[in-house]
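Two complexes come next, and they have one chain in common, chain A, joined by chain B in the first and chain C in the second.
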Partner chain A sequence: MKRYDLIVVGAGPSGLSAAIEAAKKGLKVVVFDENEKPGGQLFKQIHKFFGSKEHRAKVRGFVIGQQLLDEADEAGVKVVLNATVIGLYQDKEVVVKLGGEVVHYKGDAVIIATGAAENMVTFPGWTLPGVIGAGAAQTMMNLHGVLPGKRVLMLGSGNVGLVVSFQLEQCGCEVVALVDAAPRVGGYGVHAAKVARTGVPFYLSHTIVEAEGDECVTGVTIAEVDSSFKFIPGTEKHFDVDTICLAVGLSPMSQLLKMAGCKMEDNPKRGGQVPISDSYGQTSVPGIFVAGDVSGIEEASSAMIEGRMAGNVAAEYLGYIEKDALKEELDTLDKALDGLRQGMFAPSNRGKLIEKTDEGIEVSQSLLKNGYIADEEIERFPGVVRKVGVHPVIECTQNIPCNPCQDACKKGCISIGKNITSLPIVVDGSECINCGMCVANCSGQAIFLVDEDKGDGSAEITLPYEFLPLPEEGTKGFGLGRDGKVVCEAVVTKCRSSKAFDKTHLLTIKVPKEYAMKARFFKVS
Partner chain B sequence: MAERIKEHPILGDIKKGEPVKFTFDGKEVMGYEGEPIAAALKAAGLMVHRYTKKEHKPRGIFCAIGRCTDCVMVVDGVPNVRTCITPLTAGMEVKTQYGVSDKPFEEQ
Partner chain C sequence: MNSVNDRTRDIGPFVPGPDDDMLICRCEEITKGEIRQAVHDGMWTLTEIRRYLRTGMGLCQGQTCSKLVKGIVARELGVSPAELEPATSRVPMRPIEMRVFANEADSNKEGE
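Let's look at the complex of A and B:
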C-alpha cells in the first residue's frame, strides 16, 4: 500500500489550495480527482470574481483556475486524474478506482474537498432531454464550446441561475425567462441587474408546471405560486423553449466523510448533510479534514481560503510546522475569509429579509422582485450622483464583499472605505478623466460613465459590454432601460477595448439627455 | 437542437482536437477528438441518448459531469457508457440504448 503524508480528494479550488499549502510546508501530497481535468468548476466560470485583491477579485474564474494549477505545479503537488475515490476506511485508508483497477493508499492525513452536486426539482416532463442542470449548461458552453440550446428558460435566481443566464446570452442563446418560486431574487442584485437590462423577464413567485414535448423539450408552462408554494389557477404562462435549465441549489458531496465515521449533521444553512467540523476543517476523526463546499455551500473564493486553512492545519497535525507558525498563517486566512463572509449575503444572513443597507438606505424592492432597480429608486444610492461633465454612476446597491472599483480609479473618484461591504460612493470634488477603468473593473458590471449634457440635447453613457459582435462606431439602435425595455433611440459613438479591461468592452452611446439616467444597455436596431 | 459556438466574447476560440468521424446508430456524424461524446451529439442536434427499460421514456444530457447517468449509451458494444465524460475517438460506434441493449425494444 502506497503511503502519503497527505491525501487530498478533489482537485477543485479548495483541494488544490490545500495541497499547495501542505506541499509548501514539506508534506508529501497527492490529490485524486475523478475528472479528466483538474480545477473543479473554476474553468467554467468566465465572469470576474468578487472580493478584494487578496481574493483575486476582478480576475475571471478560469484564469484563477490556471493560476492555481501553476501554483500547484510549482509547489510539487502530484495530481492524479481520472481517479475516483470510492472508499475512505479506518486508519485513513483511501481506496481509489484508477481505470479498471482498484488501488489502496494510506494517508497520514486526509483532506476531503469533494465539493457539491446540483440539486434538482421534479415536475411533469422533468426527465425529458432538454431539461438540464445549470452546471451542464456551463460545461457545454464554456468547456466544450457547444450551445446548450437556442431558447432557454432558467429556473433559479440564485447567483448560479443569474450568472449562467448571462453566460447563455453571451454565447448566443436567448434566455426567455428567469423563474424562481421564491418571492425575491436570491443572488446578488448586480448579477440580476445585468441580466434584466438585456431584456430577460424575471418571474418571481413562479415555478414550472410542466415541461412539454415527446422526445425532447419543445415548451414549458410556468405559473404563479402563493405563499405556501401552491399554484394559483389562471396564472399560467407558456414559452416555446428547447432547453430548461435548473439552478436550484447545491448539496455537499459528503458521502466519503460519513463512510469514514465522521460525525455528521443535517444543516440546511450549509446545504444539507455536512460533517461537524471546527472552523479550520478538522472533523470528529483526528487527521481527517474538510474544505470547500463539502463542508457547507459557499463559493470558490471562500473555498480556496478554507483549503489553505486545512492544508496548514494538516501540516501542523503531522508536525511539519509549529503551532506558532500555524497561528500566524491562520490569522491571515481568518481575516481574508471574514472579509468574504460579510454583508447581506453572508452565510449568517441566509434566509433573512434585509430591508435596509448598512448605510440605512432602503433596499430596492424592485431589484428583489423584478431583477432591476426602478428609475425612482436609483438616486437614493450613494454611487448615483448628478454632476457636470463625465462622471461615474455606480449602481451598486447591496452590501456585498467587493471593492475593485476603488482601486480602479487612479483619480480617487470612488471610495468604499475600510469596510469591504460598504456601498461605493462618488468622492466629492473628484475629477473623472473618462478612462473607463471603473466600468471594466466592476465585477458586477454596475458602473457607468455618464455625461448628462453634451450641450446639444444629448447625453453620453459608457457601459460595460461583453457580447459579440461588438457594435461599431455609428451603429444605430436603442437604449434599453434597467428593465430591458426600449426607452430611446441611441447611437454608438465609441467602442473601447484594451488588455487592461480584460474583455469587458466599453461601449459609449449617445442618447437624448433626458435618458442619461435611464438608458443602461444598447441593442442594435 | 444546438450547435457550436463560433467565437466566444470571453473565451475566444475554444480549443478543440482534430475533427473526426464517428457513427450514431450507424449514421456518420462529425465531432472533435477528445471532446465528450455527448458534446459531439449535442452539437449535431441529437438529443435522445437512451430509452428507459420499464417505461421506454427518452433521456439525454442532464448533469454533463458524469454523476447522473442519464446520458449513458452503447459505445463500441459496451452499454451504460457515460457519454458526457467519455472522450470521443475516431470511428467510435455510438448507439442509442434501449434499456441496457442497443436493440430497439420490439427486437428484444
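Let's look at the complex of A and C:
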C-alpha cells in the first residue's frame, strides 16, 4: 500500500490551501479530487472576491484558483484528478477509484476537504428537465460555455442566488424573477443591487407553487407566503421560463468522516451533518482533520484560511513543526479568519435582523425587500455625498469585511479606517482625478463617479460595466434607476478598459442633471 | 433509547396528503406518500427507511434526497430533523461499476 504523510481529499480552496501549507513544512502530500479539473468551485467564480489584501480581495475567483494551483505545484504537492475517494477507514486508509481500478493508500494524516452539495426543494414539477441547481448553472456557463436556458427564474436570494443571477444576465439569459420565501434578501446588499439595477424584479416572501411543462419546464407559478410559509391565495404570479434555478443552500458532504468513525453532529448553523471538531479542524479521530465547507458552510475566503490551519496542525501532528511554530502560524491565521467573520453577515449574526449599521445609520429596508436602495434612502449613507466636479459616490451600505476601495484611490478620497467592516466615506477636501480605479476595484460594483453638473444641464455618471458587447461612444440608450426601471435618456460619452481594471469596464454616460443621483445603469435603446 | 426510537409512542394514523404523489427520491422513484406510509409501517430510522424503500440507494447515492427524506420522516414522527441519526455511510461513497470495484490494484504497484 502506498503511503503519504498527508492525504487531502478535495482540491478546492481549503484542500489546496491545506496541501500547500503542509508541503511547505516538508510533508509528502497528495490531493485526490473526483473532478476532471481542480479548484473546486473557484474556477466557476468569475466575480471579484471581497475582503482585504490578505484575503486576496478584488481578485476574481478563478484567478485565485490558478494561484493556488501554481503554489501547490511549487510546493511539490501532487494533485491527482479523476480520483474518486470511495472510502476512508479509521486507520486512515484511503480507498480511491482511479480509472478502472480501486487503489488503497495509507495517510499518516488525512484532511477531508470535500466541500458541500446543493440542497433541493420540492414542488410539483421539480423533477422536470430545466429545474437545476444554481451551481449546475454556473458549471454550464463558466466551465463549459453552455447556456443553461434563455428565460430563468432564480429561487434563493443568498449570495449564490444573487451572484449566479448576475452571471446568467452576463451570459445573455433573461432572469425574469428572483424569488425567496424569506422576507429579506439573504446575501450581500451590493450583490442584490447590481442584479436589481439590470432590471431583475425581486419577489421576497414568495416561493414556487409549481413548475409547468410536460417534457421540460415551460413555465412557473409563484405565490406569496405568510409568516408560517403558507401560500396566500390570490397572490399567484405566472412566468414563462425554460429554466428554474435553485439556490437554496448547501449541505456538507461529510459521509467519509462518518465512515471513518469521526463523531458527528447535526448542526443546522453549520448546514447539516458535520464532524465535531476543534477550531483548527481536528476531529475526534487523531490524525483526521477537516477544512472548508465540509465542517460548516461558509465561503471560499474562510475555507482557504481553514485549510491553511488544518495543514499546519497536520504538520505539527506528524512532528514536522514544533508546537511554538504552530502557535505562531495559528495566531496569524486566527486573526485573518476573525477579520472575515466580522460585520452584519458574520456567522454569529446569522438569522438576526439588523436594523442599524455600526455607524448607527438605519439599514435600507428597500434593499432587503426589493434588492435596491430607494432614492430617498441613499443619501443617508456616508459614501454618498454631493460635491462640485467629479467625485466618487459609494453605495456601500452594509457592514461587510471588505476594503479594496480605500487602497484603490491614490488621492485618498476614500476611507474605511482601521475597522474593515466600516462603511466607506468620501474624505472631506479630497480631490478626485476621475481615474476610475475605485469603480473598477469595488468587488460589489457599488462605486460610481458622478459629475452632477457639467454646466450644460447634463450630468456624467461613470459606472462599472461587465457586459458584452461594450457600447461605443455616442451610443444612445436609457439610464436605469437602482430599481432597473428606465428613468431618463442617456448617451455613452466614454468607455474605458484597462488591464488595471481587470475586465471591469468603465462606462460613462451623460444624463439630464436631475438624474445624477438616480441613474445607475445603462441600457442600449 | 432516545425518544425518537421509542416505538411505544403513538404517532397517530397515516393521513393522506395532497402532495403524496410527489417524487422525492428520483433515482429510485419513491414518493413522499410512500415515505410517510413507511413511517406508519414502523420504519422510524433513516436506515430502516432506506432498506425498506431503497431511498438514496440509486445513482446519486442520496446526494439529492437524503435531506428531503430526513425532513419528511422527522415531520411524520413529530421530531426535529437534527434528532434523526443519518443512515450509515459505507464504501463505496460514489456509484461504481462492479467490475471496477472488484478490480483492486496490486498493492505494490504505483497506483497513479
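The rule we apply is simple: the second predicted complex is superposed on the first by the 525 of 525 C-alpha atoms of A that agree within 3 Å, B and C clash if a C-alpha of one lies under 4 Å from a C-alpha of the other, contacts with A are read in each partner's own complex, and residues count from 1 in each chain.
Here is the rule we use: a contact is a pair of C-beta atoms (placed from the backbone, for glycine too) under 8 Å apart; a residue touches a chain by one contact, two chains touch by 3 or more.
The shown structure was predicted, so the numbers you read here are calculated from the model rather than taken from an experiment.
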First (chain B), second (chain C), both or neither touched by A:266: second
First (chain B), second (chain C), both or neither touched by A:3: neither
Partner chain(s) touched by A:80 [first = chain B, second = chain C, both, neither]: second
Contacts of A:327 with chain B and chain C, given as first, second, both or neither: neither
Touching partner for A:34 - first (chain B), second (chain C), both, neither: both
Contacts of A:127 with chain B and chain C, given as first, second, both or neither: both
First, second, both or neither for A:117, with chain B first and chain C second: both
Contacts of A:97 with chain B and chain C, given as first, second, both or neither: second
Partner chain in contact with A:251 - chain B first, chain C second, else both or neither: second
On chain A, positions contacted by chain B and by chain C: 34, 117, 127
Sites on chain B touched by chain A in the complex: 1-5, 7-11, 14, 16, 35-36, 39, 42-43, 47-49, 57-67, 70, 84-85, 87
Residues of chain A touching chain C in the complex: 1-2, 34, 80, 83-87, 95-98, 100-105, 117, 119-120, 122, 124, 126-127, 251, 253, 255-256, 258-259, 264, 266-268, 272-273
Complex interface listing, chain C residues touching chain A: 19, 22-24, 26, 32, 63-65, 67-68, 81-84, 86, 88-94, 96, 99-101, 103-105, 107, 110-112
Residue ranges of chain A in contact with chain B within the complex: 34-36, 46, 60, 62, 117-118, 127-133, 135-136, 139-150, 170-172, 214-216, 242, 466-468, 503
